[in-house]
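Listed below are the structures to be examined.
The following pair of complexes shares a single chain, chain A, combined with chain B in the former and chain C in the latter.
Then we have the complex of A and B:
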């Protein structure tokens, strides 16, 4: 048919649509065969699952292996040395499970915290322009990434922490107290800090050359030495200076033994707060709330007007300064429970077990190596044009990193970072090899062996790790979504 | 032109659609056959899966049949406990190992047809429950919970022991002075619970340092992480040998528990239980009757009825166990009697030098040296 205008075309279309009224729009019959296969597969999977469960249960019952969860309420009969909650040999297996769970959560949370900090630091260091720093960071990453975690844990536990002395010959840590620095220390220290600062500022303005190199290295060095002199005073040079002396630093050491280090743990004084601390906690909480409000307000102000304030510093000061003032005014209502040698070990104080410390150290350093590489990848993924543009705007290197590069790098960093957090949580189960009573060691080790309920115990342990990992990844995904680029 | 001439499209699709609908009758029949065959295969596969064949067991002892078929006895032992089960120059030796060798000799007439599987305290019962091993001869304590709750059965006691403490010489002289001490212990053993019970009953506090494997526990004690190491007394003597300077460590006199050590098998196979049990009893009866590895051939000509029944000259006691007539002869010939095994592994002929004590025969001629080893008669 020839073209007779749009009207005729449309009529044609309508006719053809009407012609095909008996067929669905796709033109194909309903996929009955596909549906049949899917139902069959679903039925097969459900049947397999059912068979597995009933088969296991029947066989276990035939062998008189317990199939229920009544072991949960049985008396455990064994002790655990590190518990965050109260526990004794007459507690139930369920309570032992809680002890293992809290131990795992503590080491995982602490591990995640330290691994992130160290990882970010090493990752950024690896991109430094300072050749030695970059190579050291690279060596750290390569060494720790390529050796098995278990070997590292055993290294920290056996080769390092076990070499500490016996409790009867503990290393005593001298007690430290704050004092007014002496006149000589004040002059020398402050002078060095000011000189270093001037050098750093000077090095930024000039074009280059040997003087600038010297200034850039000596400036921070001088400032650092000045700070050390101010803080430690004469003890740096070897002669202890008492308070009031001309050479006294801000921290004075006395001969009292307030902390101990030995192969059974790190003992520190445990603060015992008196009633007067309630006011201090209240002021601290109020200060914290005020700091948060200030931080958010200052951020909005910066976006609106472009004027910057040192947000973090002022927030910290708002949190702690009023509380510290109230603390001093109340007469410092805190006593210390000191560790004292008693019998075989030390009693009292706050004890950090070598098993916990070895596990934390091993996990953090190992995972930090992986996080360092992720951070480096994220930073390198930000287009170089961003750095150059920020430089053209006149921002300093630290500001470029903090304000421009890292926020964009976070989009690339966060998903693999979640992986590393999950790895760390699951790797904490290696605590079994160094005697740290985590969930696997206590529950899937001792409780399983004492009760014989292997299937139930392992199922619960796996479910718990699954829950922890899912919670972590949900949290990280929420954060990721906030960071994501909103694309059209 | 205002509109495009789409009539060609309509025509072509209409034509195509008509073409799709028009298939030859043969083609449509073929389609139907394909669909029917696919349904039929689906139903056949489901039916085949559903009819999981149940393997009928007609023989008396499933475990014995499996062992004979496999050709080796699968024996669960310790990772390395001197005197009980430890590889010495590549060959496993010990009191528990000897029991496994005796069972193997009874079945195969060869004490070396064994696959030794070293197990930690944590995994030993699971290995037995799941069938990975046929017999667990790993200085395991016979307790009610283990028999009632784990689906296992003990086939006797081959060593009567008790739990004790080892400390460095000069530290303390009695377990009652161990208040506030750190004590190394292996995880998942009766030791852990006995330790808790003892300190609770004496109202003392202590710090348990638990490890999954024996080696780590010993390392921790060696390194000074703990003041005392606790396990069965026989184990203490064995562990002391492994320390760099054994004379600097002492075993405290207090024995704080009953630890009847013996081999374990799975519940549900009574004939296999009997095999292991009577192997052990044969060794004790042999010592009672004075039959040794050296003189057993001479004893074949003995006139004593009990000896004749033991060596298989009279009666056929092995038959109902699925073994041969000379089952006990094989055991004594290849491994020796209980006394010989004891002396060789943990007694005066070994570095451990443990006295018979509770493990002496019940009818030792010297009143003061009588022990608990008593076997039912073979008749």
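Then we have the complex of A and C:
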């Protein structure tokens, strides 16, 4: 074993049992006192356990509470509004448990996905050389980290989503009319970019005084404004939306209203696939396999010859281009079930309930603040000499990040990151406060109240979370072991 | 002789280029260094410009500052309804605690603030004594003041409620004092007698100036949030130290039990622990012992934070160099002396930032006790939101804004404190 160094020891690992208590030198006489205390502790725990069990049995019998698990097969008799698996009021309590479990897993998975994206973005932004961006990111982290998650959930649910207009006055999405940037904007934006680059070039010469200042500040500024004009050209979100509009026209959307937002939820188009779609899926899978093979081959090739290919770009193209081509050739075999106003409500489409939306929003934004701090700490943990050495080798900033900093930072980031994922999963139990039917709300809430089988229900609920935690920590320990092997 | 041209005087120093100095230089460097950076700056300014003025308008300019009911706040252009917060501030702070008795809450909170300030002030004198007060005397006195019932059954005092204790307490205590005097000499006797006298003085005072009892169903608001958090810390710290010691113990049974307890609690959400405390705890004890409605979540919170505290303390124990342990053993100290005199004092100071951080987490988590029917601050706001006299479009946001400001000030202040302590500690350990 090599010396691990201090940084390794300080790593915050979840549940890695490394209690190497400094044992005194062997050859000590047998520790009778230790034996006595341990026996005493055992006896106390056994006695407490015995008391608890007998008391619970007596109390439960006195209150007519079931003491077995037969309630699991009893009819639930209540409805759940958001289910992934088929469920109705005549289903069993066990089925209700499954519904709650899947709902918990869905919101946790979605939360992990978004929290990771936002968290990495904010964490990198905090280290940005751009002062205002760094400060904004810091403000985000401090604001979100220092207020209770429950308060944020209630805010999103009660003060934002529930205050949206009634279904009949839904907000239509996207609200801005879609159009390409006008010719004038296009010309102006391109002109600004060109002018900005000319100025940047100009400033490289030894111009002095105020001219240099103008050139070096206004060049980037002009180019930046130009880029913004192109992106946000005609209206807000005009340009990318315009591309989307062309696509929408191809698959048969007429109006610009794809979605609605009101106090009953978020209504989005629901894709309905025609038979021809099978071909597309097949080609997509084949493309994905080809992309993986290419990716591995390109990596080998680089090791052998030292020549780099744009691996990620080509792999993406391999995955999606053939599928897109087949999609196009087979006449876009997908239709969309659009939400339409009907009576006092909206019908059709894909409805995202406000409870789910609020929970997802709250969990991702809150956890992202913590992930951002982990990412920042991880990047800062990479010694500056690494960045400087990579710079001295002639790597660009992008490549330094991608090839030198991030691989080393990940080793520090991943263990606490997993911890945050676990926290997010556990925090999803706050769903009970806003009525999202997760495991706790359905099972430890409604089922417990109906059956009264408190001990069994809570034990099962805890066992589920415990199993998730333990599985994650086992995976984490495996990861740590693999990482430790790489360490030199 | 060859002539050598050597400059005798240095060239006058050139001013730095305009683009590298002053406010403009700073802006070029930090806001408009590259096109991407410029674009981001502009976007950020746009974002700030679209959020901050609206927020200021909502919170200050259009806000309704006074009023007897929600009429003024229902105007379409009205902003935050601070009149509502002003009208409800008593409820938000004390819950239904009787108005005439609120001085007791204030006294407890002020004393707690003074004690905490004393303990946390760097380099304050007698911090250990302050900590001793906070963890022993303060909870007992606070319990008496808040509930209005004496810390011990009145039967234990002379002239209190009649009961077997009244008869046996006095001679019994004298015997205890005698034993203590025998065991610890004169000093033990004096301390024991003084303790008994104070005890009886409290009893007598209670009988004369007894406080009105206030049931826990009347407690609520900020005061209960702080109470839950303080009880959490008061009980979780000693328990956490024990668990951390147990986890590093040489005795396999002790170590196993500690690990199982810690990892079990850390593996499940706080809500399920609160459910357990609320529904299962009353089943596990004989019916006549069924714990108070407020006590149940308190037990849950204390156990929950103890597990997290144990991990913090364990970090401190592991950070103490091995030489300290060995030195203590070489001095011939036994395990208890080694921990009490050498290791724990160093380890606990080392983990003050960690303790404060877990206190922040605990303070945020106290909001969850509402699930067990406790009227904490957030729950108070949540119920008053629908008061028909005030209900309006801005009431929810106002209440949440108020709560957010309150929690933010607390948590942000504590996190700054913990960062400051971290800097002090790390600079003290640097060579």
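Descriptive notes on the structure:
The rule is simple: the second predicted complex is superposed on the first by the 327 of 488 C-alpha atoms of A that agree within 3 Å, B and C clash if a C-alpha of one lies under 4 Å from a C-alpha of the other, contacts with A are read in each partner's own complex, and residues count from 1 in each chain.
One rule holds in what follows: contacts are C-beta pairs under 8 Å (C-beta built on N, C-alpha and C of every residue); 3 or more make two chains touch, one makes a residue touch a chain.
Since we're looking at a predicted model, the values are computed, not measured.
When both complexes are overlaid on chain A, the residue A:227 reaches chain C alone and has no touch with chain B. Using the contact criterion defined above for the overlaid structures, shared-chain residue A:80 touches chain B, although it does not reach chain C.
Using the contact criterion defined above for the overlaid structures, shared-chain residue A:117 touches neither chain B nor chain C, since it reaches no partner. Of the two partner chains placed around the shared chain by superposition, neither chain B nor chain C is touched by A:332. In the superposition on chain A, contact of A:393 is made with neither chain B nor chain C.
Once chain A of one complex is fitted onto chain A of the other, the partner contacts of A:151 are limited to chain C, with no touch recorded for chain B. In the overlay built on the shared chain, the residue A:448 is in contact with chain B and with chain C.
Look at A:41: by the touch rule set out above, it reaches chain C but stays clear of chain B. With both complexes placed on chain A, chain A has more residues touched by C than by the other of chain B and chain C.
Residue contacts after overlaying the shared chain place A:321 against neither chain B nor chain C. Judged by the document's definition of touching, chain A residues 9, 19, 37, 60, 62, 65, 158, 432-433, 448, 454 lie at the interface with chain B and also at the interface with chain C.
Chain contact summary for the complex, chain C toward chain A: residues 17-19, 24-25, 27-28, 30-45, 47-48, 247-255, 257, 259, 263-264, 266-272, 275-276, 279-280, 282-287, 314, 318, 322, 325, 329, 360, 364-365, 367-368, 370-371, 378, 382, 385, 393, 396-397, 400, 403-404, 407-408, 411-412, 415. The residues of chain B lying in touch with chain A in their complex are 1-7, 10, 13-14, 17, 20, 35, 38-39, 42, 46, 49, 121-122, 125-126, 129, 145-146, 148-151, 178-182, 187-189, 192-193, 195-197, 199-200, 206-213, 216, 219-220, 223-225, 227, 266-268. Interface of chain A with chain B (complex): residues 1-3, 5-6, 9, 12-13, 16, 19-20, 27, 33, 36-37, 40, 44, 60, 62-66, 77-81, 89-90, 158, 162, 166, 263-264, 342-345, 347, 354, 432-435, 437, 441, 445-446, 448-452, 454.
Interface residues of chain A, counted against chain C in their complex, comprise 9, 15, 17, 19, 21-24, 31, 34, 37-38, 41-42, 45, 51-52, 55-56, 59-60, 62, 65, 128-133, 136, 142-143, 145-151, 154-155, 158-159, 163, 193, 196, 208-210, 212-213, 216-217, 220-221, 223-225, 227-228, 426-427, 429-430, 432-433, 440, 444, 448, 454-455, 458, 461-462, 465-466, 469-470.
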